[in-house]
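There are two complexes below, and they share chain A, which is joined by chain B in the first and by chain C in the second.
Here is the complex of A and B:
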């Protein structure tokens, strides 16, 4: 019993927070400011406690397992959620349903935790559903906007469809191996057509969630319609969680068919990078732009995954950490501007530097890091991904990835040019940033600057991921 | 296993779905009357267009009923093993019911159980 409390520490703490919020909501009506202070305090405590005294182990007949890498991954997700919560302060302070927003948000986080820790396909599926259904509800949280409802509708329908594919794949896996446990599947999987077909369906389910290219069609619409806080949550946390699962599933469970999935992932990553990049060039809405840029980033992550070595898995975790900082720096500024002025077009940002120099620099550094320009952490993240991909010696894939990094420079810098050089008759007025969003942006900046240079971070992740 | 099983599965799936439609086509007596085209309303002829607006209260009640109805099913497997598992099972079911009760309280607080 004591083991259970320690092993499941992070999940239990999160459940406790959800209950505290629910009780508060039922017991009395707090005003938004006090409530947001409390929530951010609880999330900060949650993040800190995540580092204290974890324990590896398995529970419930191998349904649930955890190790140091998984604990670290959960801490990364906790950090991302904390930053998003701080950023959305200006949007939530006047919202009528703050408690519900946080309860649903933390429920999705809890689902992701269970998904990452799953040792069984059923447990994985339960976690996945817990992490997607409440997301559709909070995608609808701009209650007055029709686009927000449209986003929620598209999200729920596309995730229902992808869950269908995933379940069909799971049922075929069960039919052909007679087990749903990861260890059992790994022991009896082989490259016969039935099991390959099952794997393709599973991969399609994963592809929907990380919006790899043939399955990306919902992404731009959902990202555009949903509130910015939810968009950044979708693009960073929910994607990161799925990637954290995808890597061990590919590396350990489907190790017997590594040849086959390597080829599939190779194709997926090439198509994802190219389509994501080409579509990002033409976007005029900032959120749609970030949607396609995040699709392209997933393509780069897939390149790292194809490396199928411990370098691959550590590069993915490292990149997701950096991606959280850089994407949230960009989203943080967009979120704040959108919440205070309601402007989201890229052309609105012309002349942004004249009125808001500090925010401009934050946005620019975030974009530089996303593009992978050297002094920022994004460069190191992409570098390790490509290095991991190079382990397989597939230079065609690496060349395509490198060429696409140059294309991506064009559209990231196009925005930087609009911010710093273009003139505008109606620039966004001067904004003063409240404490919490400012804190979040400082965190992101610190992350972008230090994660790349502090060698300890990568070494630590590397030391944990030898197990694969 | 092998490709044979995959082909067999595909054939079985096609046969199962197409066969159902085919058999229904063969067996059914094709009588047509206007009532068949109408929406189902307790078996009597419909009184008005089914596309009218209705009170959202119905929806809320149905949803709450459904939640508690489905959750109740979990109590049956618990009742089977509760003697064998002893204290642990009791604690777990109390936690489970507490979670449900919180949801119920929330619905009550929101006025979802009040008929408007």
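Here is the complex of A and C:
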């Protein structure tokens, strides 16, 4: 019993927080400011406690398992959620349904935790659904905007479709192997057509969540319509969680068909990088731009996963961590500007440096890190992904990826140029950033610097990583 | 060898100066920025000279051979057990030589800018950029790890982007900065892939280990990388060619040179620093750094030497037709770097390949002095005339006696007339070419004659030709602009006399060289012929040059338009790439993605817009794509690509 408490510590704590918020909502009428202070405090505690005394182990007939890497991954997600929560302060402080927002949000996080810890396809599926359905509800939280409801509707319908196919895949897996446990599947999987087909369906389900091309089409609409907080959560936390599952699933459960999935990932990554980049170039809306550029980023992560080594696994976790910091730095500024001025176009950012030098630097560093310009952390992240991908000696893939790094540099640079060099008759006025969003931006900057320049982060991740 | 720990100060001082000026420059150092930057760099320069003295004359040698010393190296980001990104310092003859060259030339530029940039509103910003550039360049030179060099390589690119675009209210300057950045970035992509391939096979990023593993053709790593292949070419050749592509981009080798002439939009002292002595030779330095590896692969060497010699010739021809004095100098830089490059690639059938390497480094060394002298001289002239066009000049020798004298010395040096510095280094290059490849030797000889011609065309047009229309209302410039000219002129006079082959050779052991009088006759005669021809055409005003241009017809026009290389690039990027990739992508986005969106917007009836959002086919089309993806993957992997 004690073991259970420690092993499931992170899930239990999160559940507790959800209950506390629920009780508060019912019992007491708190004003938004106090409520937000409390939530952020709880999330900070949640993040810190996540690091204390974890324990590896399996529970419930191998339905649930955890190890040091998984604990770390959950902590990374906790941190990301905390940053997003801090950033959304300006948006939430006047919102009618703050408590509901947090309850739904934390439920999805809980779903992700179960998903990452799943040792069984059924458990995985439950976690996945828990992490999706409440998200569709909070995508609708810009109550005054039609686009927000549209985004929610599109998200729920597309997810339902992808879940349907995923379930079909799971049932085929069960039909052909007689088990849903990861260990059992790994022992009896082979490359016969039905099992390959089942795998394709599962991969499509994963592809949908990380918005790999061609399963990505929902991304742009949903990202544009949803509130920025939800968009950044979708593009960073959701994606990160799925990637954390994808790597061990591919590396251990589907190891017997490694050759097949290597080729599939190869194809998906090439298409994803190219399509993501080509579309990102054309975007004029900042949020839409970040959406498409994040599709390209996923393509790079897939390149790292194809490496099939412990280096690949650690490169992915490392990159996701950096990606959280960099993307949230960019999203943080965009979300703040959008919440206070309502301006979201890239051309609105012309001359931004003149009025908001500090925010400009934060945005520029975040974009540089996303673009992979040395010496920001994003560069190391991408370089390690490519290095891991190089482990297979596939030069075509590497060449395409490296070429696309340049293309992406071009469009990130275009924005930096707009911020610093272009002049504007009506620049965004001078903004003063409240404490919580400011804290979030500082966290992101510190993260970009720290993960890039301090070796212990990567060392630690690497010491926990798996591969074959 | 902890005695070299102080080396770290050399790049750190400019870094400190950059941080101070960058953060507080506008507030606290508005007027003293120049002095601060210059002092930091003066200290760096002194330490560099001290380090050079210690290395070459006290303890660099063991058993008569100069050693590679790594005074310290910090493991920064270990990727796997053997691959790690280190921050270290690697000392060997070429890195020490480059230290001296970079810090010294940068110091001269810092001093010169005190006068040249005086009164500039963003004076402190200018000096902070200058410090950043110097820091990155020094870091590049000292790198002990191929990845570290790549980082500094990028940082050099960024800081030169800032410097070229310094006059950012001038659209041409911003365009030029962007062009330089993008072209070199494109080349860097090759460099990065090259690094990935090399590190994959050799399992290290560390220079000494990498060289050790790959320079021995019998070693395990060498066999693996040579036997793997792609498109019929071995992975080894691919990797080296890609690394060379990175170098060729930075060093403005044909056909990646198009950014260099445009980059002249930056302040002229910046051109003296970046486009004469430091950044543009980074490519040569990179090849020299990996020379033991390159020298085991004949294909890569051939690629290098032909790229070099073609660049040298083309640039020399174009330089003969340009009228913007900075562009003439830019093309002449490209041409001289072509010399250095092809000398590195020479691989004589008999004997060792030491001579080409030594000659290349020697030329890099001497060229740094006379080319930065030429650029600074051009800066002084532009400062005086307020124009870049040589047709606006003439007869300036009366007004600018000191500039005239130093410019003449530099012209004689670059033309290869004894006893000036360029003569000695060019001589070694020609000798190396003569020993290994007669085609390259003859092209180099012709290029030499052209060099003398275009340099003296420049010289006579500026200082002789028609009488000056300028008045003596302002002088040649302040002392801070004159001193660097004189110092550089002195270096140009004596640099060639150094016994270079004693110190800097491919394997660290001194080699014997001697000036062969018989051999020197041809190049010197050709140089003098070029000079006399230029004098005959340009010393006095007249229509002789125009007649000559008319007589040459198409060739002149082609050279004047830089052989239409820019147009070819434009054609490929704008017409071919845009039509093949951009247009279909745009069409897809407009018709499939936007089209459905517009369709939705058009229907504005009062019925629940939500159902409409679903019924107009958008979400269905998403599902269709999704399903199409599943079907395609299934068919592909179950039936076709097992």
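Here is the rule we use: the second predicted complex is superposed on the first by the 465 of 468 C-alpha atoms of A that agree within 3 Å, B and C clash if a C-alpha of one lies under 4 Å from a C-alpha of the other, contacts with A are read in each partner's own complex, and residues count from 1 in each chain.
By our rule, contacts are C-beta pairs under 8 Å (C-beta built on N, C-alpha and C of every residue); 3 or more make two chains touch, one makes a residue touch a chain.
Remember, it's a predicted structure, so these values are computed and weren't measured experimentally.
Judged by the touch definition given at the top, the superposed model places A:323 against neither chain B nor chain C.
Legend: residue contacts after superposition of the two complexes on their common chain; A:266 is shown touching neither chain B nor chain C. In the superposed model, A:150 makes contact with chain C only, not with chain B. Comparing chain B with chain C, the partner in contact with more residues of chain A is C.
When the two structures are aligned on the shared chain, A:197 is found in touch with chain B and with chain C.
By the document's definition of touching, of the two partners only chain B reaches A:26; chain C does not. When both complexes are overlaid on chain A, the residue A:352 reaches neither chain B nor chain C. Using the contact criterion defined above for the overlaid structures, shared-chain residue A:64 touches neither chain B nor chain C, since it reaches no partner. Once the two complexes are overlaid on chain A, the chain A residues touched by chain B in the first and by chain C in the second are 193, 197. Those residues of chain A whose C-beta lies close enough to touch chain C in the complex are 146, 149-150, 153-154, 157-158, 161-162, 165, 191, 193, 196-197, 200-201, 203-204, 207-208, 213-215, 217-218, 220-221, 260, 263-264, 267, 278-279, 282, 311, 373-375, 380, 383-384, 386-387, 390-391, 393, 395, 398-399, 402-403, 405-406, 409-410, 413, 417, 421, 453, 455, 458-459, 462.
Residues of chain A touching chain B in their complex: 19, 22-23, 25-26, 172, 176, 190, 192-195, 197. Those residues of chain B that touch chain A in the complex are listed here as 1-3, 5-6, 9, 102, 105-106, 109. Contact residues of chain C toward chain A in the complex are 75-80, 83, 85, 147, 150-151, 154-155, 158, 165, 168, 174, 178, 181-182, 185-186, 189, 192-193, 196-197, 199-200, 228, 230, 235, 238, 581-582, 585-586, 589, 593, 609-610, 613-614, 618-619, 621-623, 625-630, 632-634, 636-638, 641-642.
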